[in-house]
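Below, each structure is written out as structure tokens.
Note that subunit A is present in both complexes that follow, paired respectively with subunit B and with subunit C.
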Partner chain A sequence: MTSDFSRRHFLLTSAAAGLVPFALGLPAARAAAGGTVTLRLGDDLSNLDPAYRVGTVEGNILRAVCQQLARFKPGSLDWEPDAAKTITQNSDTEIEFELNPGQMFHGGYGEMTAEDVKFSFERFTKPDKTGAMVPYADDFAALDHVEVTGTYTGKLILKNPAPAIWTIGICDASGTILSKKAFEALGDKVATQAIGTGPYLFKEWKAREHVILAANPDYKGADTAPFAELTLKPIVENRTALLALMAGEVALTETDVTAEDELAKAKANGIETLKIDGIDYTWIAINVQKGPLADLKVRQAIRLGIDVQSILEGAYGGKVGRANALLAPALLGYWADAPVYNRDPAAAKALLAEAGQTGISLTFTCLNDAISQATAQIVQANLAEIGITLTINAIDPGAYWAMGSGDASKDLDLTLIPYTSKFDPGFQTQWFVSAQVGVWNWQRWKNAEFDTLHKEAGSTLDKAVRQEKYVRMQQLLDESASCVWITHGAHLFGYAKTLKPVMLPDGTDWQLRDFAPA
Partner chain B sequence: MRGFAGRIWRERGGRTGVLLVALVLFIALILPFATPDPNKIDVPARFLPPSLHHPLGTDNLGRDLLARVTVGTRSALWIACVVIALSMAGGLALGVIAALSGRLVDRLVTGFCDIVSAFPSYILVFSLVALYGAGLGKLVVAIALAFLPQFARITRSQALTLRHRPFIESARLMGLPATTIIRRHVLPNIVGPVIVLASMNIPSVITTEAAMSFIGLGVQPPQTSLGTLIRDGYVFLDQSWWPIIGAVAVLAIATLGCTLLGEALRDVVDPKLRREP
Partner chain C sequence: MSEALGIIWRRVLTGALTVVGAITLLFLLIRFVPGDLASILYGPRVTDALRASLAERMGTDQPLPVQLVLFLSHAVRGDFGINVISGRPILDEILGVLPNTLALAFSALGLSLLIGFPLGALAAVRPGSLADRILGVLSVVLITTPSFVVAILLLLVFSLALDWLPVAGAGTPGDPVDQLAHLILPTTALAVGWIGYLARLVRASLLEVLAEAHVRTLRAYGVPEWRVILIYALRPALIPVVAILGMALGDLIGGALFAELIFGRPGLGTLAYNAVVSRNFAVVQATTTVIVLVYVTANIAVDILSGLIDPRFRRTEGEAAR
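After this line comes the complex of A and B, so read on.
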């Protein structure tokens, strides 16, 4: 018997079969109670030790696997006790806690006690075995020691009043409580194996394939895991991840903000959209120590010469809001009345003339991603119109971030900088103090009043006083004309309508333990 | 048509190759005179669809895509020509030196070629650019280095076959200097296969440059290349699909045209390599 089913027929039939699901509309992934849900991770894990974690990916997993004394309420910056039955601030420098009894560490490592809290927190205050402080030491910089007063009770004794310890220490991933016993038994394996008491336990990590978190049957808290398993799949590229969402392969992914319209069109296929305004900040830093940029009028001219609105439209697709100061609206210290500098080439030229500066040639340094390069080209065109020649130096992330050491920033002119934020404004202002010149203060701007205010605002608990001080700090930055603020960014998520994702207001911190079926 | 060009034109592949290469040359050399400033930013006009005013539409910064494609094509061809010229010159020099010098020099040259060839060309170029930094000049040198061993090897093997030929021996017995023998007798007899190799390598150079620019290690903004155009189009694919089309089409036409022309050239220069129908 012969067949007339040729290779061409085979290809046509295969192609038609492959297109059927697209023609019918791809189903979104389903997230059912007690089932398994697959979520996309932006990157693979690197290190699960809270003190050495690399990014938010590890932090998000740690907060689902481990408990903290207190945790952020779902989607909010208010906090509530977690592993602690009670936690109270007795004075400016003393926080007292009592743990819930019977909170068992995964893997048979016993019950959580105050000794575990002391061990977990004091790691941040002492040099490690290499003699260096852990990378996240600043999160507990104000902690002097933890005093254990009973099996379940203890006190955090601070060196100075430190409001930030709540938001960037206790409630963040640095505040996750480890098992001292497990840590000592596992040694270096703590980097790849998280042992906690949280609603999920760390079941499996296959590098570049998946991370599986399984419901913890021993979890005693009220918020038991709604899913039997969370599978977290690392997909580095946003567009690939978006296609995976559309194909029902993952139930949630973050994607580029420019994909907002595309996600909206997918609503009919059961895809919902969540957009969260960011608290990060991207700005153009002007080196106040470099040649003509040392002249305030030149810096003011550059600020007036740059069309920020065009940058938002052209580079960000008009999908993010404009930043007018350092701190985002969601944060304490937000400067609502910050001046908005709209492009005014005539005024910019007049300022350059007043400064007696002509024929200025500068370098614009930025990362080599598409958004940064689009921004650079707009700035280049803008400044050309006021007589400033700009050469773009787009470099890869490794070389770019290496400029944070060895005083490499002294050679920069204009630099497009994207920094991430935390919930305490002091985390953001710390990079602008005089001591950071040569490290992360690439404007190389020094101001004694700013330095003093940073110190004062970071050691008072009075929110009103802090608000006033942070606003004044931003006014000083504004007067220096050393920064052209671009955006606080935004985070866009697509997710299956059967899933209810929960994120903190920065959009980068996922509260995986609160994810539930919709 | 008779002669060399006629033999290429009579081949179906050669004819197609000539037409496609002519089209690419038209895009790169003639069309820029009829298009607006490729770097003129007009953000309100971003992502305009193809129209009479903007035949390929506009990109994310409102720049005319046809103008940018023409400049990108010119840039790709210019880079390909410079890279091929550099690697061919270097390869010819090394190959002739290896073939006509002593055994030690020959082993050194072949050893160098073996080491360079041991790395896949993309990996080698990527490593060199990562090591010495991005930029057009560095990229050109890196790609030229990656392609150099092919030219050195073919030159060496051709020169070795000529080394003991009577006319070379005669020239040597007449006391002609080595440089004269090379210039008058060796190079003219080996240049044919080298030119064929050069034409066959042009598509590879174009795609290598496009790949490096695609990942941000090649041509830097505001200059453009086919690779940067494809990358920008890819990044904003969710907002408009047309920015990617022009650059991809030209890249496909250029590589296909150069490949077909190179094959036709090879068949004409060396009929022994002609494929059976």
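After this line comes the complex of A and C, so read on.
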């Protein structure tokens, strides 16, 4: 009696069935009117402690409930003071701030002071009670300490110049300012309760059912909460969420990029579409230390043998753009002139012949989701044409990410890797340095110049210099032929026309406090 | 009376052994699956120290036999430990979603019986009739139609086209009408297969009983047909149906996962599924323990019920005990 159900079956069937309401001109979205709004979360919350947050969901909520010294302006990577009245970079290694007075923490935990800033930031620089550094320690890796100079004033003293501390530390979820008093009083409960000073307060979290944020009546900032309540409803399946949007149960959902045409048809029913090009990166890593792959010509042949455009069409429905290098167009360091490798089986075969390699058999390791497996099959067919036999090893996330320890990556041949990004390019390049071999550098490619450039670019404030260095790093990666770039991805949202959603340019960071009635 | 108590006691003892055996097996199986929680949660951010810290907090740094003994000894006291991700007691997380899953499984079972039983009986009392043939085809269609297809069709018709019922969630806590509205579609989707199966089972069972000698004798004595069916045939025909109920409940609790995913319902299935995917061993152990407990308890209840209905069962059990 157990049905042979899989997500793939579900998606295929529902994709066809999902067209029905559009054809019939059925329901209109209606959730955004008035002072409350319900939004769909792709997953439930896990841990609201900024240092231990698991995904972007927690970060999005933390930024609505808590304040930061500075925050990203709506929809932009430019920043503006938030909890701070003023914040200035005095020197390469000193950032001075003065807090607005009278910013009260929810739940009666008192006024925000510079001591709270010190407590919130220095947690990232010291081992926790178990002796381990917090997962997001790198966000404040450059911070030496916070010097409190007054009730509302202080200085961030850095170990070295660190431009990334603005985008990854101060303005991101790691930079949310907690109440030291609340943290000490709540203990482990900080994982389930967010105490902040932001425009929304964390009213209720009923696990796997909903999260409710309510307008904070004590909020002192100019941008008071536009809604009386934000209800965030976890719905795991994208297709179900899309139906909930159509039925007016939620006013916004992210969905598969392949649903773009469906959403466009729903415009007449009051549903708008927002598509944001991603900054993440998916690529095929080639292990430069493994057998025939150690030969540069073999790697170049593989790069020429793979039809990236077919992957984008076949696995992503043609709805995402192509990546030609590590850094996405929205980021500092984008390499606009990166070479585009179009498929050329004849040239690939010639390279293999030059290398004296025939009858190569390799394993292609990937996650077991539908897109990854479709990609694997296309690559398998592509490489078969140039004489390379590929065995697909599609594994679940648990086994897949475990390869980041114990030097497990030494046995990989080709690996399809999807990584998420941050706004500072150094976050992306850090995984390609020599020290990451055996950990997350699954290409196992080492280059001293790359390592030096990564270090220099991460401690240089001059944007032009940084741009040059990051481009050079991508050139080195390109010369190694250790990566076949696929896409930076895209994020597709459907939302009720009565809602004005605001996202940062990566599409994953929602600025909930700026969501407003349209 | 003492014989009946003896049967119940033996059943409970066997059930307890089954629970311990199943938990031990599942405990070992999950440990052989590669992957660790820290790597899945934090990806490239994870460090060996963080990995070790999480392992220590979950107790997975201990030798396997120690972990198993600790888990069993705590579990019997209802202590499943703390979810290291959320910091919440795992028991609280389970109790928060268990009512949703039980409500879904029991309502699907109830609906299956409510519709499947009369349909099967109707087909059996008119064998070969048009109604029997239609019901025969219908039951096969119900059994063979995948539940997720039914789920999507139900959503399209009743949630989108007619706007009668909600798409996702379990309803507002404390609002039984809203919760009932959220239960109707997932219950129907989950029950469809079992409606067809029970209809066929009841039909076959009742036809067999109606062909027995004691029924022919009753008819020869001029006992009215309705009385023959309702009083003398239905009860013995119920025996195989009751016997299958425990299995049905287990299947429905397992099948609740798909309904929870498609209908965005919080439940034990999704809690267990997410825990398996993230290798959150403590939550996996706790949820599987609860599922095994529910399944075994349901089967014990069914066995006892079978004993009440069928005297042959009590006799066999009694002989086995001697």
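What to note about this one:
Operating definition for what follows: the second predicted complex is superposed on the first by the 484 of 518 C-alpha atoms of A that agree within 3 Å, B and C clash if a C-alpha of one lies under 4 Å from a C-alpha of the other, contacts with A are read in each partner's own complex, and residues count from 1 in each chain.
Basically, a contact is a pair of C-beta atoms (placed from the backbone, for glycine too) under 8 Å apart; a residue touches a chain by one contact, two chains touch by 3 or more.
Fair warning: this is a prediction, and the values are worked out from it, not measured in the lab.
Of the two partner chains, neither subunit B nor subunit C is touched by A:100. Judged by the touch definition given at the top, the superposed model places A:209 against subunit C, while subunit B stays out of reach. Measured by the number of subunit A residues touched, the leading partner among subunit B and subunit C is C. Once the two complexes are laid over each other on the shared chain, residue contacts for A:419 go to subunit C alone; subunit B is not touched.
Once the two complexes are laid over each other on the shared chain, residue contacts for A:125 go to neither subunit B nor subunit C. When the shared chain is aligned, no partner comes close enough to touch A:36: not subunit B, not subunit C.
By the document's definition of touching, both partners, subunit B and subunit C, reach A:396.
After overlaying the two complexes on the shared chain, residue contacts for A:193 are found with neither subunit B nor subunit C. Taken together, the two structures place residues 239, 396, 399 of subunit A in contact with subunit B in one case and with subunit C in the other. Remark: subunit A residues 1-5, 9-10, 13-14, 17, 20-21, 24, 26-27, 45-47, 54, 127-128, 130-136, 138, 188-192, 206-210, 233-237, 239-241, 243-244, 246-247, 249-250, 396-402, 404-405, 419-420, 431, 439-440 touch subunit C in the complex.
The part of subunit B that touches subunit A in the complex is made up of residues 39, 41, 43-44, 46, 60-62, 130, 133-134, 216-217, 220-222, 231-232, 234-239. Residue ranges of subunit A in contact with subunit B, taken from their complex: 239, 242, 256, 258-259, 261-262, 307, 310, 313-315, 317, 368-371, 373-374, 376-378, 380-381, 392, 394-396, 399.
Contacts from subunit C toward subunit A in the complex involve residues 33-36, 39-53, 56-57, 82, 85-88, 93, 96-97, 146-149, 152-153, 155-156, 159-161, 163, 166-170, 173, 193-194, 197, 248, 251, 254-255, 258, 261-264, 266-267, 270-271, 277-279.
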